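The data blocks that follow each hold one structure.
Both complexes below contain chain A, partnered by chain B and then by chain C.
And now, the complex of A and B:
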């Protein structure tokens, strides 16, 4: 069989390694074989391809030295960093756990949301020490590079294409090679700088040609190629030049309306901390593409991040009307029902996910919790057993044990609960919630000193949670250490201003102090 | 639903003994539903794991070679 045909077939069947091997053999015979070269580039790209719309990872440098936001002190409700605290209709932190960024935890994680946005420099630097939320120093040193280096190391002859030796102008003239080469450099080598040079060269190159009267209709369409503008915008975005990226995307949007471009633009506005603009933009996109699921999801995510859970749920429901197998929408609505005290309905959503074929630790853990709170006790423990057997890393195991601890508390088996929380800590030493709950159990046993230690650990690990602060305040108040009780109560009030018991405690303490 | 709330009022007995004690207790952290991972995130994690694995194997191979040379 013709080896090139074979390689094409492998490529179609997504066996990229085999495809690349055949192409390498072909290229050894004839280094100028453009078809083989192009195919190999595409195969190597596909191996590490990640959808650029979804990926968004901010490094410490970007987060801390962030001067992209237009308003540094934004009015409430217009910024993603300071979402409205009033929790419009959403569950309070007394019911729903908070993420590190001070938002209610979501039912779904994406690359951008996996580790929240730390509020202070101190927190940002501290976070990478815990294994679960390693954050690169800058996004340029993040995942992109690591993936690229690994694929390079496995090649004994060094990289496939030496970028430094590449004669970009030569390739820019050949549009079919240029596109594959661009994608290769962008995804595989992650060398944004040369890519964007390449772009500018390409655009200027074609524009020179365009001004040349001899330019043919093909070149004319080349300069009009919206694709290149989008790619240039992507490069600008990665380089952190958000305004330039915006310009490119807008210009591309004028030429050709694509869902992708709307999503890229919304990414730019999110970086600029302009959630309301994103909403307007995505709604405009919905006018052109009615019922487009990705746009609807985008709107729902913004509402979700602004703590407007009610509107987010509305949009997630719209998503489900269009696509009733959308995992993100089902998971978010399900978790919402769970935290608004409707575990039976949440159970139906998660069961739907199970029917659709999602089969992982998280789902079984959620099923187990929903079953327990919906009083379907027969399924609870078997779900958790499944979850434990499906867990892929220690953090997941820890979370499952932590939730099992709640089941044990629920059935009143304090010894089991104690063991569960201990197991959670054995698997993940930074599990602040487990520390807090252990402290509560220790208090019930009357071990004040140990409880105090656990609470202090929990508070230092997760200053965004109000529980350890409040518990510490209550404990100190009990033993007569009013000063530290007051300090902790203040922290608790800062984390959750509406908490009634904290307010009462503070009032009581203030009365004590005024009496002195 | 405000209509429903107005229908049912709380009833506190006015005669006889009424004891009411509110003791603030320690708060447990709430059970945590685990967020499901998006396809992209799972793919990224898988690729990262594989990349780390290949690097580790290569380092092992290198070390073995060095040992043989010594």
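And now, the complex of A and C:
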């Protein structure tokens, strides 16, 4: 059989390794075989292909030194940084726990969206250590490194294409080669470089190459090929030139409407902190592609981040109408039902996830909680047992024990609750919620000093939670130490401004202070 | 204080004459120390603290920290900002600068009090009291300090002294509190009565008095005071809750709900409020709504046994006995000393067809309960249904004793008609109904009943038994909501701690979230 045909066949069957091997053999015989070269490039690219639309992990540097946002002090409701605190119809923080960024916890971790931008350097550095869901401290390269190492293994005898020796203008003239070459550089080479310490330098280096290639190719196609414009936009985006990226994407969109372009453009706007524009854009996209799941999910995510849980749920429901196996939508709707006092309905959603084959610690943990609150007592403990056996790391084990502690509180067994919280701490020493609850238990026993210690630990680990602050304030107030009480109450009010008891406490303390 | 300072201004004009040169001549030359006191005072009373602080700083630099008034105001500002420790130090400086000034000493003591150092505060106050015997403030604060030190006798003494010097709402409130802490409700009510006479428009005082009456069972008076409180302050949370619960007792559920709606607006996370709303729905026979309200209350306050009790009750009514059992057993482990809880648990167990444990639970209930005839009645029914007539008879007689005792203690008491009916039936079945405490039923009707129940023994009684328990349960629920007010006002701090627990589901949510990650990766691989 013709080896090139074999290679094509392998490629179609997604056996890229075999495909690449055959192509290598062909190229050894005839180094100028353009077909084989192009196919090998594509095969190598496919091996490490990552959907650009979804990765959006901002590194610590980008987060802190962010000057892309159009308005630094945005009006409430128009920015992702300062979402409106009081959401219409959503559950209050007293019912639904908050994430680090001060928004209600979501049902699904997504890159870049799970926690908002931290306000200060200190908070940003602390974030990954206190919450397992937050982004890593290292810069955006984390994901690229992994992929990069993978591609290094595939070709042990040096890189397939030497970027530095590439005559870019020659390739730009050949559209059928240029596209594959571009993708190869974009997805493959870029990653290899980023392994090294000189990551940033090489990243920009290869990006410039890419950029040159894309620019030349665009010229060659007389600015008529939307594909090149999108790629140019991607390069701009990666270089942090958001305005230029926006221009390219918009112009591409004029030529050809594609779902991908809408998504890329929305990414740019998110980086510019323009959530309302994103919503408009995605809705416009929906006019052209009615019922497109990725667009719907995008809208729902934005609503979710803006604390507008009600609309987010509506869009997630729309997603489910189109694609009834969308895990993200099911999980989000389920957790929303759970926090709005409908554990029975939440149970149905989680069961659906189970039927779809999701089989992990988190799901069983949630099932257990729902079962308990829906009074299906026979299933509760077995769910938790399974969750414990499926847990892959200490943080998960700690979370399961923490929830078991709540079950113990629910059945009134304080000793068991105490032990569960202790176990949670044994597995994850940074579990602020467990510290807080231990403090409450100690307080019930009358051990004020221990309770204070636990509360202080909890407050330092998770300054975004109002509970430890409030509990500390209430405790100090009771003992008569009004200064500490006042300080703690102020922190609590900052974390949860609508909390009635905190406000009452502060009012009372202020009366004490202002009295002559 | 300020006036004193101003008064002292004319004292030393000779100092400054040569120093102040740049000023135009016509401005009166003031002594340097107090030169800008008026300005500081002006800014301070305008709450313009920033400007005030800068002026104070300049002033202190000029005078090398000798200006008493500037330090004093600086300390006050620190206190308003919550920096008590700093403010204490400044007040102490003031006291050194001018040891004869009573205000300085009082402020030092007050700072110590605010820092929770009650003993040192008392010492300083005593020192201050030597300078001025008849100061309301000193006496009052001494009383409060003693209260924190749990020396109630001395606290009362000092507070009474304070009241003699000058009447003040605060002293009344504190004195009432001391009496309550001492467990002396009558005295407390007396104090509150006087307080209300003194300031009849203070909604807080009115509410507190109303709650005290409520606790004593004087509903008419309680309602009067609570109503007054609500007219002066229609958003008073405690008063709304108390008034609502009284309406609930009189089965006026719609009005109570409308009251609660007002309260829910101002404090949406209050467990007692949700509990009372739930019981309102229960009274209106909207059981599902009742359960979801009660569950929210329980979510917000997992340590409150009363909510668990009510949840158990509602689930018994819904005939979900297993759930009821769980809630009741949780309530018992939180509050083990209540007979009625054991009785309800026994009812649940009876319906779960576990008569042995039910009996054990009844034994416990009988041992703990002193006055409730229902416990014995239900136990007697269970024993009768089990065929143990002798012990059933024992329990029946116990019940009669309790009923008689209740009748002796108060004439107005009314028994639940269902209870009376049931008691007659079981009495008839046990053939001891003749000399019953219920006076009304005539002989013939009783004999009729006896024959009837003799004819068909246990089959009718079993379901009735459970109904019986529920009838009582409802009334106790109403009684319960009365209790809750007390818990709201007294240990509001404690009630509020549990909200920290609602965090609980968080990991759950978080987990799903982390589950998302692998999911996302899968998608990439597919493409």
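Throughout what follows, the second predicted complex is superposed on the first by the 399 of 516 C-alpha atoms of A that agree within 3 Å, B and C clash if a C-alpha of one lies under 4 Å from a C-alpha of the other, contacts with A are read in each partner's own complex, and residues count from 1 in each chain.
Operating definition for what follows: a residue touches a chain if its C-beta (ideal position, glycine included) is under 8 Å from a C-beta of that chain, and two chains touch if they have at least 3 such contacts.
Since the model is a prediction, treat every value here as computed from it, not as a measurement.
Novice: Will chain C clash with chain B on chain A after the two structures are superposed, or do they fit?
Specialist: clash
Novice: Is A:471 in contact with chain B, with chain C, with both, or with neither (first, second, both, neither)?
Specialist: So A:471 meets both chain B and chain C here.
Novice: Is A:379 touching anything from chain B or chain C once the two structures are fitted on A? First, second, both or neither.
Specialist: In the superposed model, A:379 contacts neither chain B nor chain C.
Novice: On the A-aligned overlay, A:443 touches which partner chain: chain B = first, chain C = second, or both, or neither?
Specialist: both
Novice: Could you let me know whether more residues of chain A are touched by chain B or by chain C?
Specialist: Comparing chain B with chain C, the partner touching more chain A residues is C.
Novice: Report for A:27: first if it touches chain B alone, second if chain C alone, otherwise both or neither.
Specialist: neither
Novice: Is there a shared patch on chain A that both chain B and chain C touch, and which residues make it up?
Specialist: Chain A residues touching both partners: 50-51, 54, 94-97, 105-111, 114, 327-328, 331, 334-335, 338-339, 358, 360-363, 365-366, 369, 373, 396, 399, 402-403, 406, 409, 433, 436-437, 440, 443, 465, 467, 470-471, 474, 501.
Novice: Quick one: which bits of chain A touch chain B in the complex? Just the residue numbers, please.
Specialist: 48, 50-51, 54-55, 94-97, 105-111, 114, 143, 146-147, 149-151, 153-154, 327-328, 331, 334-335, 338-339, 353, 358, 360-363, 365-366, 369, 373, 396, 399, 402-403, 406, 409, 432-434, 436-437, 439-440, 443, 465, 467, 470-471, 474-475, 501, 504-505
Novice: Across the complex, what residues on chain B touch chain A?
Specialist: 24, 26-38, 40-41, 43-44, 47-48, 50-52, 54-55, 58
Novice: Touching residues of chain A toward chain C in the complex: what are they?
Specialist: Those in contact with chain C are residues 49-51, 54, 92, 94-97, 105-111, 114, 131-133, 327-328, 331, 334-335, 338-339, 341, 358, 360-363, 365-366, 369, 373, 375, 377, 396, 398-400, 402-403, 405-406, 409-414, 433, 436-437, 440, 443-444, 465, 467-468, 470-471, 474, 476-483, 486-487, 490, 499-501, 509-510, 512-514, 516.
Novice: Which residues of chain C touch chain A in their complex?
Specialist: Answer in residue numbers: 1, 79-80, 82-85, 113-116, 118, 148, 266-270, 292, 295-296, 298-300, 302-303, 308, 320, 322-323, 326, 329-334, 492-494, 496-520, 523-524, 527.
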